[in-house]
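Paired with chain B in one complex and with chain C in the other, chain A is shared by the two complexes that follow.
On to the complex of A and B.
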C-alpha cells in the first residue's frame, strides 16, 4: 500500500505546480531535441504547429514497446502530399515517411513502431503547397529498440519478404477501400543483442515499400530501424485504378521482394 | 516492455500481466521466477531476471528511493550506451540520447563483469570522489528492469567496503513513471578511462 500511495503522490506532484521548474527543464530539453531533428531533416524550412492537418493516436502507455501502434489521421486529405513520423528519443529518430500517390486516400495510416524510451512522437505533414505542419504526442514505452526477438535470427528471418494484403469492408465504386499490408521481415534494429553470443544482430530493415494500383502509385514508405518486426501498414486506396496492386519492398542489405495482388472486387 | 519478450509462451502471458502490475504500482522488478543470487558477479547475459535481493545492500522501490533522496545519495546509472548498429547505412543519422534520474552520474557499462582492471579501478576511484571518500555515504545503483548491471555495480561497491549500498532494480523506468527525467551524458572521467575501448 505504501508503494501505491507514494506513487499516487509522485503522480500528483509531477502533474502539479510543485515540480514545474523541473518539468520546464525537461520540456526545454525535449524541445531542443526536436529542434535538432527538424534541422537535420528539414534544414531551414519552417514547420508550423497544426491541430487540424494531422493528429497522432497512440496508446499513452504501450504494453509492448517493440510494437507500439501509431495512427496518423489527416482529415484534410486532399491537401496532403506526405507525412513523416519521428520518435524523438530513439537513437535514429526518423521512423517513417509516407509519400502518397494519386491512388491513395491519405486520411488515415497506421503502423507499428519501436519506442526506446518515454518520448515525444512527432508527425509532420507536407501539404501539396510544399509547407510543413507538425503535431506531437507523448508516449510512455521503453526498451523497444533493443528488446530481443525471443527467437534465433534464422527463425526471425524465415519467410522474409512474404506479404499479405487484405481489404476491409464492402468495396463501393468511388469510395476509398481500407487495406492492410503485412510484410514478413525481422526489421532488425541493430540494437538487439543475441543473449548467448552477446553480439548485436546487424541492422536489417525495410528501407522502401511501394504500393501501386496498376501504374498509379498509392504510396511509398521510407522506413527505418524504428519500424517494428513484421511491418503492418493500414492505409486506404481509391478504387479507380486498373490492374493488380503491386507491392515492392527492399531492405538495406539488398533484399528485394515484389508481389502482385488482385484488386478488390467492387460490389454495387 | 522487456518483460513481455520472453521465450516461454505461458511466461509471456504471466509477464505481460506482471508488467501491467509493475507499471501500475511502480514497484521494483520482482522476478516471476525465483532467481538466486550468484556467488560473485553475474557474468551471464546482461539482460534477464534478477534476484529479489543483493546481500549486504538494501533493495529500493520507488517509495524507498524517494524517502532516501533528501539524504542526497550518490545516484549511479550504469545503463549501457547505445552503439551505432552494424549495417546502418552511413547516411542515416545516429544520435542516441539518454535520460536518467536528475543528478545521477551515468557510467555506462560500469556493471559489466568481469571489468578490465583499469576500468574497475576507474569506477571505484570515481565513486570515491563522488562520496568524498566516505564509505558510509549512501550510494544507489540502477539501470533498467531486468538488467544485471546495477546488481553487479552494487556488488562491486559492497566488496569495496561501502556500507550503505542501495539497489534500485526498476531503474530509469521505475523513476520516469512518476517523475521527470533529465538528459544525461556519460561521466567524463569514466568515459576517459575507457580509452581505446571506445
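On to the complex of A and C.
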C-alpha cells in the first residue's frame, strides 16, 4: 500500500491521494472529455496530433497543486501563431491562450497553473496557415483550484496590479531576450472559501495580459481561473521594437493596470 | 431504517475488512506501535513516525504528549487524527485521574490538530495562536476532507477551534509549574505557538523545530529564520521538537534547522537572480542537504516552490 506522500505537514496535497477524483477515469472517458472541450472551443475545426510543433513539460506528480509549472516548447517558432493550454479536468478547462506578435520568439513559454485532479493537460498550437495541432501530458495533482491561499482575501489582494519585468542573460543585437513577467494578482478561482464570511470568494482572475515592445506586439494572453496566484510568465522577445516594453493587465472584475519598463540594454 | 443496519452488518460480516487498507487501522492498532517516554518529571512524549499520513499509521506522525501538574493535565500536542488523540487520552488515563484542563493546538497542520476532537468531552481550555482560528477557517474543512480520503470516512475527527487565543504571550499555571506561551510571527506556518515549561526548562517549539525529518515550509522562510533567533533567547537548553527524537539539545538542533533553511534561502535567491525558473530550481536547490534528512525527496521540492514564490518578490 502506497502511503500518501507530502500530505500531513504542509498543504502538499498535490502528491495525490489514491482516491483523488479523476484518478480512476478510463482513457475512453478522458478522450471523450477532450473531445467535448475541443468541440466547444474549436467547433468543427480539425485538430491534428503533433510530436514536433509543441511539447509540454510538466511534473508528472505536482509538488504543489496550486502552483504547477508548465513549459510549452515550440521549436518551429516561425510557424507558430498562438498556443492554447487546457487542463481537461479543471472546473474551467480553458487555462490560457497566447497569441504571439512580431516581437515574440515563441520557441518557449512558461507559466504556472492550478491543477484540481489527475488530468490530461493539452496544448494546441495554431500555425500561421490556420491549422491546429495538439499535444498531451498527464499530470497527477489534486485540490489545486480549491486550495486555500493561507491568508485573508485582503492580504492576498495587497499590491494587486504591481508588476516586475526581468531580463535574463546577455542581450545581443538581433538575438532573442529571455524575459520574466510577474504580476501581483490573487487570481481567485471562485472555489476558495473566504475565512471570515465562510462564503466562497468570487472568482477574480487576470483575463487579459498584453505585452508590446514599443508599438510592436509581443503577445497577448487570455487567462482564466487556472492561472496560479501572482501569475508569472517566462517568454522571449525579439529586439524588433523601439521604446519601452508596455504591459497591460485586466481582470474579470474591471481591474486594469498598465506598466512601462525600460527595454533591455544591448551589450556589444 | 430499522432493519437496514442489521442487514448491512451481516453483509460486512462476510467480508474480510482487515484486507481493506482504508478501513483497517484504528486506535487499538496504533497502540501497539507506540510508547510514551517521561522526558522530564511528569512530562510524557510519544515520538511520531517519520512517515506521511496513511491508513495504517492513523497520521500518528508528530511528537505528542502531556504534562501532569498539581491541578490537572495539559496536553502538549493532540495528534494527527481522532484515533491518535484517543490513544493519547487513554494513555493519560492510565497514569493519572486528574482532569484534562488544557489542550495545546500548536498550529494549523493536521498531524498536530486532528487529535483534539478526542478531548472535547473533557471540556478543556483549547489554547492556540490568535491567527489559528482564521487558519482553521481557511483550511480545516479542506484538511479534514483530504484526511478522510486517506484514513477512511469518519476517522479524521472534527475541526476543533481554540477557546483561548494567544496574541503575544500568556502563562498557564498548573499549580506546581507555569507554562509560558509565545505566539510567533509567520514562520513554519502563520500560527505557530511555542511553550516553555518554566519548571523543567524544557522548550516545546512544536514544528518550528524539525529534527531528522526534513522541515516543511508553509509560512515564511525569512520569518522562520527570524523566529529561530527568538527561540534561542528563551534560555532553554533542551527541547521537544515537533518531529524527531522526544527530546534534543536545543542549540545544535536549531543549528541544523538554520543550516537547512539558510541553504534553501541562499540557493533559491541565487536561482532567482540567475533567471532559473521555478521548475528547474526545485531540482537544484539545497541538494547538499539531501543526505541529512529523511523524506527529503518528498518535501524539498515543495519547500523550494514556497521559498521561490516568497523570495522572487524581494
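In this text, the second predicted complex is superposed on the first by the 240 of 268 C-alpha atoms of A that agree within 3 Å, B and C clash if a C-alpha of one lies under 4 Å from a C-alpha of the other, contacts with A are read in each partner's own complex, and residues count from 1 in each chain.
What we mean here is this: contacts are C-beta pairs under 8 Å (C-beta built on N, C-alpha and C of every residue); 3 or more make two chains touch, one makes a residue touch a chain.
As the structure is a computational prediction, the values presented were derived from the model and not from experiment.
Chemist: Considering only touches as defined above, state whether A:248 meets chain B (first), chain C (second), both or neither.
Modeler: In the superposition, A:248 contacts neither chain B nor chain C.
Chemist: With both complexes superposed on chain A, which partner does A:143 reach: first (chain B), second (chain C), both or neither?
Modeler: In the superposed model, A:143 contacts both chain B and chain C.
Chemist: For A:202 in the superposed arrangement: first (chain B), second (chain C), both or neither?
Modeler: In the superposed model, A:202 contacts chain B only, not chain C.
Chemist: Which partner chains sit in contact with A:193 here, chain B, chain C, both or neither? Use first/second/both/neither.
Modeler: After superposing on A, A:193 lies in contact with both chain B and chain C.
Chemist: Does the superposition put A:175 against chain B (first), chain C (second), both, or neither?
Modeler: Neither partner.
Chemist: Which of the two partners, first being chain B and second being chain C, lies in contact with A:230: first, second, both, or neither?
Modeler: Second partner only, chain C.
Chemist: Give one of first, second, both or neither to describe whether A:63 is in contact with chain B, with chain C, with both, or with none.
Modeler: After superposition on chain A, A:63 lies in contact with both partners, chain B and chain C.
Chemist: Quick one: is A:71 in contact with chain B, with chain C, with both, or with neither? Answer first, second, both or neither.
Modeler: Touch status of A:71: second partner only.
Chemist: Can you list the residues of chain A that touch chain B in one structure and chain C in the other?
Modeler: 3-7, 10-11, 13-14, 19, 63-64, 143, 146-151, 193, 195-196, 198
Chemist: Which residues of chain A touch chain C once you look at their complex with the stated criterion?
Modeler: 1, 3-15, 17-20, 57, 59, 63-64, 67, 69, 71, 110, 112, 143, 146-152, 164, 166, 168-169, 178, 180, 182, 184, 193, 195-196, 198, 230, 232, 234
Chemist: Which residues of chain B touch chain A once you look at their complex with the stated criterion?
Modeler: Interface residues on the chain B side: 1-2, 4-7, 16, 19-20, 23, 25-27, 45-48, 61-63, 66, 82-89, 92-97, 99, 102, 144, 172-173, 176-183.
Chemist: Touching residues of chain C toward chain A in the complex: what are they?
Modeler: 21, 51-57, 59, 61, 80, 109-111, 134-135, 137-139, 141-142, 146-147, 149-150, 190, 207, 216-218, 275, 277-279, 282, 298-299, 301-302, 305-306, 309, 312-313
Chemist: Can you check the complex and tell me which residues of chain A touch chain B?
Modeler: My answer: residues 2-7, 10-11, 13-14, 19, 22-23, 25-26, 29, 33, 36, 40, 61-66, 89, 91-94, 116-118, 140-143, 145-151, 188-191, 193, 195-196, 198, 200, 202-204, 224-225, 252-253.
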